[in-house]
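Consider the two complexes below, in which chain A is the common component and chain B and chain C are the respective partners.
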Partner chain A sequence: LISPRMASGMQEKQYTPSLLSFFIYNPKFGPREGEEEKKILFYHPIEIEKNEKIRNVGLCEAIVQFTRTFSPTNPAKSLHTQKNRQFFHEAEENYWMVMVVRNPMVEKPNKDGKPPTVEYQEEEIIDSVYGSVLQQCYCMYKLFNGTFSRAFEAGGVELLTQKLEKFFYRYLQTLHLQSCDLLDVFGGISFFPLDKMTYLKIQSFVNRVEESLSLVKYTAFLYNDQLIWSGLEQDDMRILYKYLTTSLFPRHSEPELAGRDSPLRPEVAGNLLHYGRFLTGPANLKDPDAKFRFPRIFVNTEDSYEELHLIVYKAMTAAVCFMVNAAVDLNREFCEQLDSLVGPQLTLLASDICEQFNINRRISGPEKEPQFKFIYFNHMNLAEKSTIHMRKTASVSLTSVHPDLMKILGDINCDFARVNEDEEIIVKAMTDYWVVGKKSDQRELYVILNQKNANLIEVNEEVKRLDMMGMDYFTTLKLSIVQVLLTASV
Partner chain B sequence: DNMHRSDNRGSWEFQPEDTLTEETGNFPSTLAQANFKIMSESWRQHRKHVFVLSEAGKPIYSRYGNEEALSSTMGVMMALVSFVQAGGNMIQSIFSDEHTVVFLQKGPLVFVSVSATRQSEQQLRRELLHVYHQIVSMLTQASINRIFERRKNFDLRRLLFGSEKVLDGLLDVMDSDPSFMLSAVQCLPLPSSSRDALSHILQKAITPDLVFSFLIANNRLVSVVQEKTVLEDARLKPSDLHLLFNLIRASAFQAGEIWMPICLPLFNHDCYFYAYVAYLDPPECTVCLVLLSTDKEAFYAVAECKRKIEEAFASQNALQWVANTQLYYVDDISVANLRHFLYKPSKVLDHHRQLSQEERIRLLDPYRNMHNRIHSTSRPLKLIYHSAGKETLLAWVTSKFEMFACFTPLVTKKSAISELTKLLRWIKKEEDRLFIFIYAFPLTFQSQPCKRQSVTQNVKK
Partner chain C sequence: MSDEYYLELSENPVQFENASSVNNVFFDEANKQVFAVRSGGATGVVVKGPDDKSSVAFRMDDKGEVKCIKFSLGNKILAVQRTTKSVVLPDKRTLKLLKSQSINVNWYMYCPETAVLLLSTTVQGNVLQPFAFKSATVSKMSKFEIELPAVPKPAKLSLSERDIAVATIYDQLYVMYLKHHSRSTNSPGAEVVLYHLPREGTCRKTHVLKLNTTGKFALNVVDNLVVVHHQSSQTSLIYDIKLRELDGALNVHQPVLPARSINPYKIHLTGPAAAPSQAPVPCELYSSSWSVFQPDIIISASEGYLWYLQVKLQPTLNLLQDKGKLMDFLLRRRDCKMVILSVCSQMLTGGDKGNLSVVATVFDKLNQVYKEYLDAEQAYTAAMESGPSRSSTSYKRPVRTQAVIDQSDMYTHVLSDFTEKKGVKHKFIIAVLMEYIRSLNQFQIPVQHYLYELVIKTLVQHNLFYMLHQFLQYHVLSDSKPLACLLLSLESTYPPAHQLSLDMLKRLSTANDEIVEVLLSKQQVLGALRFIRSVGAHDNVSARKFLDAARQTNDTMLFYTIFRFFEQRNMRLNTLFTLIGHCEEHVAYFKQVFGENALMKQATA
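The block that comes next holds the complex of A and B.
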């Protein structure tokens, strides 16, 4: 007997949230009737008919204006409809960015050839998560293109629309909305925990290089995709970090993993003195005819507004970013100088760090790193740590817990955001998981415990115990962070 | 200041903005900008605005301000609804840092709530649904639909003239009474013997077509009896009771009696009952008798029932039982850290009054937030323990009850749990006195027609 379900291949189909449209507009550019098209600076998907674009932009304007009726300074941030959700972000004065996300839905098949019933699951999307994703889109654009207003000043609407088109066409393809979660709200940086000695070695390396290469304005030092030191302002480093770890590093990771004889392996310098190479700029220093250029980035856009060359140089798992004033012409000579100066030192440093790290682990034992599932974030220095995410790149976020639990964390984070006080929220979820959220001193900690028959007291004891265990870990984390803070302010 | 109710009823000017939207299909941004200036700061400061308008964009009600002056704002709201609808979609809500705007459409009526209370969308929408039902309770759903079918431009204010205070009252009570959040009705604590005796008196005072008799004291339900043969499997929903109580409150009469049509929307949204309402204890007017009949002409017969009830009460001095009712305080149970609680066994609710009215209203906000999280359709929770600067809050739902409690901020988890356990034990002990188990058991059937059945007999399971 074949079950009717199987016979007609009836299966429930689950659709994850996806990008429906994304547009940028400025109402000042087309204030009069008949000029509406002029407001639109970027619109994806491009195939949408002109009048529909105008109508969609008009709706957003109307909603923003309507909410201003009730609070002039706090207009709409999101619009919820049955089928989709729209997020609004006024990135710069009068420049609005809108992202439209289709709600996750379930398609349930019907018998007798009737069309399937669609059930929209609005609760699955948390506003703070996608709102943050939208804001980050702007930050990433700004990192590589500077502000909207500057582009407009330099080359009018034409230049601005050109830049927007060029950037967002590619960038939107990297958005993976089905795997966004609490970490997108934080937009934090993972720090590499170091002992004092090694930290000082790195610092003196940076000082030496900056002294020898006087052109270098800012430096950032990363190891293993984690930050150790940065001379940039927090907000700039945060977006640069995201770019490095989700775009640049993954693109260049394969050659390093390739075997010794693989054609992918980069040409090592003739003298085999070091493993350093450029990730941006000259791919092969030995070829004198090869053209190269460094990507430009824009930092300190609120005050000094600096345009810089971004030099990323890597040796094994250590990567250094050198940022030089864009007005300077960086030629082959400079690159060779940098290569011979930094290559050997960085190679040595990288193996030092590795060795020291292994020694430390052996001493303190594997229990030093807390074994429980948690997410930690510090608002002051943007330090973030998650033992729940096994791999988080632009394209995938593998979590070891059920997505519903991640959304519960998102809910708790929203509740925390309402007041500026220290709080603790403990919840028991339907599946007998306990989630503990703690907020104190600008830090947030979320712990997920799977303790089926535990009660509140037992859970409380467990968390206290984990807190103690975690104390050392977090202390080390804090120590290196304090060092970063101190040196960054110099 | 033009911020009071419009006296201009029944005439409605067709606004030019309406044609603009239709012509171009675009949003005239001038439309939205225009009403920006009218609004005063004090109008903006209100915590929750509620607007009712028709599908044609005509204003029907606004909680604050002159709805005539707000007609262009309402026009914008309707335009937003239609615009999204035209795309085969449905507008639900708009969120900003300070406000949540929630939309609800029921038939030809559109309801909009603009709230700074941080309630969830679902909670706000439920409140709008209550507003809709309150309007239905005055007009019936069938007649609302019929009116607008014939004339899309009808000005419903004509029919709701004088009823704004009913809606005002409903909105005020929803903001201060947790009964709405819990979809339950508060009962007057009474020993079951007293309650049974009162119910018995109500049961005896009958007349044909009388279907419900309620006894209410201080806004709490004392007893309900229901005619069995006319309304066999019917159940009264708490929401209908709230609407009924609100209508009575809003009519604000004291001496004498009222005879008014009322529809109970969840019971039957298309027809009227006729309610006889009188206070049994003038001039204090705390004990209210409500008799519902299906016969419009039955006033005298129903008034006679009231007289019989009054007589029976007087002979047994029944009003004293109600007056003597002891509201309990948490001190009774010696739980030093527990400041306040709400408890609802699967159907009915109660709470106590240790805190001031203001504090209890303030607690509604965090309670509602926890209620929303616990009852989430996609990720419901069983328990929330939230310790913050001002207090520690707990929300707990099991198959038998749901409970919200507020403790002093420094309470340890151990004490909180132990006090809660003490409280639960106490509630269990006092169950009879605290709750009316209206829905917990099947009605016992009588063989003769028109014999009244008391729904308040506590049949223990």
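The block that comes next holds the complex of A and C.
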């Protein structure tokens, strides 16, 4: 898990933050002395000795309990130490999740064969970022497994621990703590900019499919890994979107990029009328042994608590999620019906969207490399846009700016979170960069400018102008970013 | 069953004395007048026309059997024919021969509406020579040949005038030929063949109406539909030549609807034998004494009735299952509006709930007609504005036919009821509303805000706020002040509506005052000030509003900031608080909190 990064000079070694341990406990399960082990529902790494596990859990329990005396409704969320930082999250009543992250560090070699000096950079980690990562862990678990308490009600501690182990064993391997940043705090959704008419066509498509396939309860429509329509509620869509864009889609993108004769390329069915295929469920409908099993997801866990089959179907860059009541058995007949109904329409729609998008782009002029980079987020609709992040992949999300700048963005965000009023913060970074954060109503905009020898007034003017430029730049994109840049000054 | 009759006889027929041994009845197609001639005119001639004005009664001497009797247009001159070769005009008049043509003619047919005369020529009679009359000129149109089912040997007259009718359908002149079933051809039944007779150019065979049966037929044209009456089955069929059948270059048509009888009709017996209280008796339909005239007249000489044939549209709802075809059919009918609207209602709420793609097809068809009208209206307005100098004659104000179903019609008669209807799934309601909005957008028709309000109302009713949010995000519900205000009112149940509303007001760029009010009401005084400054209107706003709002926050620093801002502004503008608004109390408060010295000098002066 330790990945050294070579810093300036040959000798120094830089270590990024990494996961030390991750555990879930419920104090009610072992309230008596000598029964402490019963509290522990999951513990990573598994090899840790039993007593140490009990000690660590006990410590967390004590800290939370202690801080509760000062703030009964809002106990400690994190504990800072020199070597690591611990994050606490009460995901459900009495169910606590704890994540321990080792602080980034620099290893400086010493002369004369002495052991190297280790410097922990304990201020480099931002609470809100890793706190959000921990909450995301829970949300992702809940999406595929339902709540802790339901599992406990259904099959006791045994079933719950079984589910936790099965899920987190794999999930923790995909946590890339070194590349977590502000976007993890937002957990936003990137919306695909689209003209009204094409959007209405998609509406029409979704409504018709839901009418024809009456089993389908909810539908979500994505294009180019960006959301266009969600029949799910916002919170459920948020986590499903995260799963789709960081896990499912990247896993399936490789075959599409692969050459025609590559073994990775999926079998193109004899039917060339459409390009539709299932990303979950049967890989090839023609296969007589095809399995019609789909992942199950849990939504609306606060009220109706629904368990659904997640069918993800894709044609070119358009992907549609159909969600069907899990009580229904999905068979070959249903999948064939869906394929023949949705495949041709979705293929057509995908090329329509592509064409419309290109027209809009042509109108708005050639895409110039802007003189600034930004992250935008709207708390109201979770709309997120970043020109700082490159394409997300299954493994890491790559940023195009220095981690120090990302750290500044995170700090500004923390400042914004502290007060409820509109704010604007301008920061001069150590390098020639200026970082500007703007918060207006429910929107946040972070801009990184690279201007040598600029002073505060110039930067302020530049950001004001930039809002105008932003407007022009996005005029044809009917995205919230436009509105915000318009209204950011409100 | 009674709601299945789609043809009926007019309620107010023209009544006349029935034909008998002493009473001869004549009909003049040009004036649509019935002449009842008693005893050769000696005991009276009663003329009844379609309205009272054209009705006349007079006497004339009995000079022998009357073969034919007519008025000229406007009832000016009466002409009576008593022998095959002479026509008498009771007043002394002279006739002048204007033009003559020499052709061997078997029979003739004259269409008064279009002033076209058809002459049957050649031995078989199937070469028709049309003439067009216009004011005082006669022009010969190009002749054409009717294809006979079989060529008789030796040649003899084979085309009877009984099998030919002339009528205007969709503003075009057609010669209709009733082509009887022939054993030599393997056609399963008789056909009506339509020859299009344009004002200029050649006549072409364009449509074939399949009757699928044999026997005696009669033709009418009603509301641009060809009606074929079949005597032996006592039913009628209707054909719409604009309903496309994909069958080669020549349009072969099947009946639009299954064969049905004309709606049963009851007549009141008249004459001395009939008591006034006597119940009406059923009229014998398809009687052999009926005479059928173009375009829509049926006369029963034996009973003394002249009816106009009418099409009832309501029954077509249940007889034509294909809703798209039904819409095509209805949109071309004269009195179609209410029927179309009831088709829409039925499609959405009736037992046979149509699926969305049918709904979409119907909406598209309606909006196509609606859009054509809007375009025509716009072109007319543009032409009028550009002045009458250019092309002044060619522009007539477009006629709004009943087929133009606008958004208000749909809202009032279909959609508002539909969204209130119990037992309809909200998913379907929203899908239908979105489909209608999609269709309007597709035809580039601006959507009225009350449709958006309907969408919002439905979404709010079912707590589908996230859906609403997404629609607004993609500007599916277009910006307007009423919509922004509606959103603002939703804020208590759905807080993000506040942002949506403000964004919308901002985009409208004509609602700056409203934005300031909204922000001040939320105690966002600085936000309001920043906004008003960003639009450059801060020199004109009333300071009092802002100071009031700032005082209400109980935040003295905020009050100080706001006060200072206006103080500076007023200094720049050379005005005093007292001059622009009644701000004395705020000045006093400022002095009280921050001291007299905090005031700028000019402001205190």
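The working rule: the second predicted complex is superposed on the first by the 453 of 490 C-alpha atoms of A that agree within 3 Å, B and C clash if a C-alpha of one lies under 4 Å from a C-alpha of the other, contacts with A are read in each partner's own complex, and residues count from 1 in each chain.
In the analysis below, a contact is a pair of C-beta atoms (placed from the backbone, for glycine too) under 8 Å apart; a residue touches a chain by one contact, two chains touch by 3 or more.
Keep in mind that what you see is a predicted model, and the values were worked out from it rather than measured.
Visitor: One more residue to check, A:T81. First (chain B), second (chain C), both or neither?
Guide: After superposing on A, A:T81 lies in contact with chain B but is clear of chain C.
Visitor: Applying the touch criterion given at the start, work out whether A:V401 contacts chain B, chain C, both or neither, answering first, second, both or neither.
Guide: It touches nothing on chain B or chain C.
Visitor: Is A:N381 contacted by the first partner chain B, the second partner chain C, both or neither?
Guide: A:N381 sits against chain C, while chain B stays out of touch.
Visitor: Taking the superposition as given, does A:L172 touch the first partner, chain B, the second, chain C, both, or neither?
Guide: neither
Visitor: Considering only touches as defined above, state whether A:L213 meets chain B (first), chain C (second), both or neither.
Guide: neither
Visitor: Just chain B (first), just chain C (second), both, or neither: which does A:K196 touch?
Guide: Second partner only.
Visitor: Could you say whether A:L20 touches chain B, chain C, both of them, or neither, answering first, second, both or neither?
Guide: neither
Visitor: Mind telling me which of the two, chain B or chain C, contacts the most residues of chain A?
Guide: B
Visitor: Once the structures are superposed on A, label A:D422 by its partner contacts, choosing first (chain B), second (chain C), both or neither.
Guide: both
Visitor: Quick one: is A:D441 in contact with chain B, with chain C, with both, or with neither? Answer first, second, both or neither.
Guide: Second partner only, chain C.
Visitor: Just which bits of chain A does chain B share with chain C as contact spots?
Guide: Looking at chain A, the two contact sets intersect at 421-422.
Visitor: Mind listing the chain C positions that touch chain A in their complex?
Guide: Against chain A, chain C makes touches at 355-357, 360, 427-428, 430-431, 434-435, 437-438, 441-442, 466-467, 469-470, 473-476, 496, 499-500, 502-503, 506-507, 515, 519, 524, 526-527, 530-531, 534.
Visitor: Touching chain A in the complex: which residues of chain B?
Guide: Of all residues in chain B, those touching chain A are 24-29, 31-33, 35-36, 39, 44, 49, 73, 76-77, 79-80, 83-84, 88-99, 101, 114, 118, 121, 369, 373, 376-389, 413-414, 417.
Visitor: With touch defined as at the start, can you tell me which chain A residues reach chain C in the complex?
Guide: Interface residues on chain A, with respect to chain C: 191, 194, 196-197, 199-201, 203-204, 207-208, 210-212, 228-231, 233-234, 378, 380-381, 383, 421-422, 440-442, 478-480, 483, 486-487, 489-490.
Visitor: Under the touch definition given earlier, write down the residues of chain A that touch chain B in their complex.
Guide: Spelled out, the residues of chain A in touch with chain B are 27, 33, 36, 51, 54-55, 58-59, 61-63, 65-72, 74-84, 121-124, 127, 404, 407-408, 411, 415, 418-419, 421-430, 455-457, 460.
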